[in-house]
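Look for chain A in each of the two complexes below; its partner is chain B in the first and chain C in the second.
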Partner chain A sequence: MKLTLLSSTLKADFDIIEKEMELAIQSEMGLLQKASVQLLKAGGKRIRPVFVLLSAKFGTYNIQSIKNTAVALELIHMASLVHDDVIDDAQLRRGQPTINYIWDERIAMYTGDYILARSLEYMTNIHNALAHQILSNAIIEVCMGEIDQIKDKYRFNQNLRDYFRRIKRKTALLIAVSCQLGAVSAGADEKIHRKLYKFGYFIGMSYQIIDDILDFTGSEKELGKPAGEDLRQGNITLPVLYAMKNETLRPSILKVNEHTTNEEMVDIISAIKNSGAIEKAYSVSRMYLKKAITVLDELPPIKAKKILRDIAFYIGKRKY
Partner chain B sequence: MKLTLLSSTLKADFDIIEKEMELAIQSEMGLLQKASVQLLKAGGKRIRPVFVLLSAKFGTYNIQSIKNTAVALELIHMASLVHDDVIDDAQLRRGQPTINYIWDERIAMYTGDYILARSLEYMTNIHNALAHQILSNAIIEVCMGEIDQIKDKYRFNQNLRDYFRRIKRKTALLIAVSCQLGAVSAGADEKIHRKLYKFGYFIGMSYQIIDDILDFTGSEKELGKPAGEDLRQGNITLPVLYAMKNETLRPSILKVNEHTTNEEMVDIISAIKNSGAIEKAYSVSRMYLKKAITVLDELPPIKAKKILRDIAFYIGKRKY
Partner chain C sequence: MAVCNFEQQVDSIKRKLQQTCSHHFLYKHIEPPELDVDQIHLMAYSLRDSSLSAEECEIYIIATMLANLALETHENVSNPNISMKARQLTVLAGDYYSGMYYNLLSELQNIELIKALASAIKTINEHKINIIHFTSENLNSYLNSVKKVESGLLEQFCVHFQTPSKYINFFTEFLFFKRVAKELKWLINGKFSLIMDGLKNLYRQNSTELSLEEEKKILFDILNESKKKLDDMMKDMKFLPSFVHMRIDELAGSLNGGC
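Showing the complex of A and B:
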């Protein structure tokens, strides 16, 4: 997250969350501690906590009660990343070696479990039944999204609906829930927190589509992993689905597997970029962004609304 | 669990839990549904739900509110079994093929996550902050126990303390918490639920030691997996730790690894059985059982107390 978008008070609250995250993963077990710190170091944009803070502004904002929600959500996200890297056999995450790469798959599995368990501990401090229901449902959906992803790997005959359902579960839902739960934890009206959920959902869809585009248009340095890695790992994303509609291009995409060489990938990436598939994917991302802004416009005119709008456009234009 | 130990009303309540477990794992995802049903079919003794029901009798017993606690605990246990089987590369669990064997490690990983997430959903229905704290702490400890187990595999120079800490986290804690949470959910006094925790802890230690003994003394049919499999997988249990004190036996144990043949295992198992290590392990198990009975004696004289006592002795004498 580009922190310049936030006001100085919000920045201070963001630091509270960041410190709490460090506390959250502390463990008397050396290995677990090292593995979790490795993950925390890899950083990430922390967009979920930022959305929690901002959406809480639509209710009675209190950083001490909001922080539990923010930390719980970011920990759930971190846990899913660890298990995701196991599935993808990923060696790098944001330029840092993954836990499964440094140690092994099994350590990674339990580090994920442990971080998820830590998130439950934070949830314990949230005294709101609705928040608990939303959170546990979100974890179930995230798990189903991960299983979708395994099932759909290298399944080249999947359709757009499969893709959208997968990214909803994988990404959009947790962002939607972050936007909703800040408001719920701050006691905002149902009308408000439902709109924030929708805003987060649309932003999340837009965000993931751009992420999937960047896998083709980003450099290895920007991505922290080689370009085209998603495709090589069998993750069929929106640009790939569009590119496969091109009958000349389709056969070479169908041949991709984990043994496809870097040289072959360079050719395929360049062909996908020249097929118009990237532009089509961008236009879907923009469509979601537009829907997000439309929902946002219906919310009360507070300062946080302006920041959410800035973040939405920032996400729409991000390069990595 | 030998259901003849339970009264007919308790049996009816037990059936409610069993049906709820079936509902709990239902999923619109075919694969997930199949994997979870596979696990449920493998059954198990369901001792955690039974302990929840019985300990709830020390408070204001209401099956509808208790059942959430019982189901949540059994689901946590099931999730840990799935991940456990991945770690152990187990092909069979209670005579049924494991999820990692039928599908693969990755599907098993997310089935475990999914079942854990389902347990959170049940926890959502428990409106008691103390119960939530106890449960989330228990999940953290179970994860740490699993990581302990990975770290301690084939580490032949570990000591008794390592073993006891591991089985506490791996088994005893969740049984302790089952006994405690039934009472907590039924609004029993702190004095009562703390004693029930202790009772469960001692029973759990006794139970796991016997489990570790049966790995040597049980038949393949009784165990649902070959005898000596724990040792072959590098899990150093109490009988092994005692057998290693025998200088003649020690070198052949140190040589065990996952490639040790069935014939070699038969010799080692027989040597361990003749070393007196099994009897020593049994006496520790009995010591824990005695402690459990002593704590139980301090509880009010209700009918459930008698059943808990019967279960304790049943566990002490179980053959598989």
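Showing the complex of A and C:
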């Protein structure tokens, strides 16, 4: 997330969140501290805390209270990344060695569980049962989405509905609840927080579709992994689903498996890029973005609304 | 919770917990979690005189057990004998149980218990790392970490529901005794013992490699010490349920002749 999009007031509040994140992972156990710091330093776009802060502006904004929700959401995201790296047996995350690579799976699991626990501790500073019901439901759904992702690997006969349901759970949901929980934690009206949920959901869908497009159009340097790696790992994304509608291209995609060589992948990626699938996927991403803007238009005219709009357009144009 | 229904209640909790965890795709690839019925007994016993309804008692116990299962499930991730897919699903199963414990307590609007259990999980993971990367020379500090890992959640549960501290101390020692007994059994059967593996670092500082017999003796001494503590504590507790006595005898008995 480019901080230039944020106003100076929000930048100051964002600094508070960053400092709080550092405090959140303090531990007397040296190794745990090192592992968590490793993860924090790898950075990230911090889009969830930004959405929490901006959405809170639609209620009674108090940074000392709202920071709990913002930190909790980002810590949940961080914990899921640590566990995802174990799932993927990943060696690098954002160009940095993963915890499971530096230490081992056991340490990675403990670190992820520790960070998730810290996030819930922060969240319990918010004394609003609805906020906890929303977040806990989201955590369950995100897990279900990841389980579905494993279930659907190399299942080439899946349809668009399967894909959209999966990315909703995998990505859109946590962005949607970040927007909703910012507003709920700041005591905003139900109508407002429900709209913000929808805004976050549409943005999240658009964001993930672009992520799936970038897997084909990005360079290894930009992606931190070889292009087409999602497909090689069996993740059937929107560009792949569209490309498979091309009868000449379909057979070569169906042959992809984890042993497909880099050379073979180069040809398949090039064919997918030339099939019109990328453009089709972009148009779906833009459709979600448009829906997000429509929902945003229904919200009260405050300064945060303009920033949310700018972020939406920034996400739509991002290149990595 | 009526005392006469105690066993029925424990069975009901066990059944509901199994139903809550049940997930068709997960269980096709990974083993269903092993439920620690002793912990259900101890929690149910802690709530026996509470003003909560039977249903509330059940949900609180199920939620705390789910938190426990989440941690236990993640212990299996590093099992070298499982497939890549099973490993991946084991990670997600643990996270799924975490989400469920949080969700159950959110529905009951008990934010304080969510905080208490989250705090316990944080501490448990710190102590888990202390066990495998133990650097101190203090045996008690090491054994304290084992105790925290075993009983951290139960302890927070009991504190939340104002169980008298002498019972909490007894439960903590009982779960520690149970863990050491389990580890000793593993060692006797030629399996890997995580606790012994950590303890070796401590003993290696003064001598060379330990023989298997020496390792068994170390664990056996720790177990005996714990049994003495339990016996002393029991003298001061008139109303402990019979299952506790039975379980201690069972655990101690299962190791007779092993050393």
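Please note the rule applied: the second predicted complex is superposed on the first by the 320 of 320 C-alpha atoms of A that agree within 3 Å, B and C clash if a C-alpha of one lies under 4 Å from a C-alpha of the other, contacts with A are read in each partner's own complex, and residues count from 1 in each chain.
Keep in mind that, in the parts below, a residue touches a chain if its C-beta (ideal position, glycine included) is under 8 Å from a C-beta of that chain, and two chains touch if they have at least 3 such contacts.
Just so we're clear, the structure is a prediction, and the values are computed from it rather than from any experiment.
> Is this a clash or a fit when chain B and chain C both end up on chain A?
clash
> Contact-wise, after the overlay, does A:A129 reach chain B, chain C, both or neither (first, second, both, neither)?
Both partners.
> Scan A:M144 for contacts with chain B and chain C and give back first, second, both or neither.
Both chain B and chain C are touched by A:M144.
> By the touch definition at the top of the document, which applies to A:V266: first (chain B), second (chain C), both, or neither?
neither
> Across the two complexes, what residues of chain A are contacted by chain B and by chain C?
In chain A, residues 27, 29, 31-32, 83, 86-87, 105-107, 109-111, 113-114, 116-118, 120-121, 123-124, 127, 129, 132-133, 135-137, 139-140, 142-144, 146-147, 150-151 are touched by chain B and also by chain C.
> Quick check: in the complex, which residue numbers of chain C touch chain A?
Checking each residue of chain C against chain A gives 23, 25-26, 70-71, 74, 77-78, 84-85, 87-89, 91-92, 94-96, 98-100, 102-103, 105-107, 109, 111-112, 114-115, 118-119, 121-122, 125-126, 128-130, 132-133.
> Using the touch definition up top, name the residues of chain A that touch chain C in the complex.
27-29, 31-32, 80, 83, 86-87, 89, 104-107, 109-111, 113-114, 116-118, 120-121, 123-124, 127, 129, 132-133, 135-137, 139-140, 142-144, 146-147, 150-151
> State the interface residues of chain B toward chain A in the complex, per the touch definition above.
These residues of chain B touch chain A: 27, 29, 31-32, 83, 86-87, 105-107, 109-114, 116-118, 120-121, 123-124, 127, 129, 132-133, 135-137, 139-140, 142-144, 146-148, 150-151.
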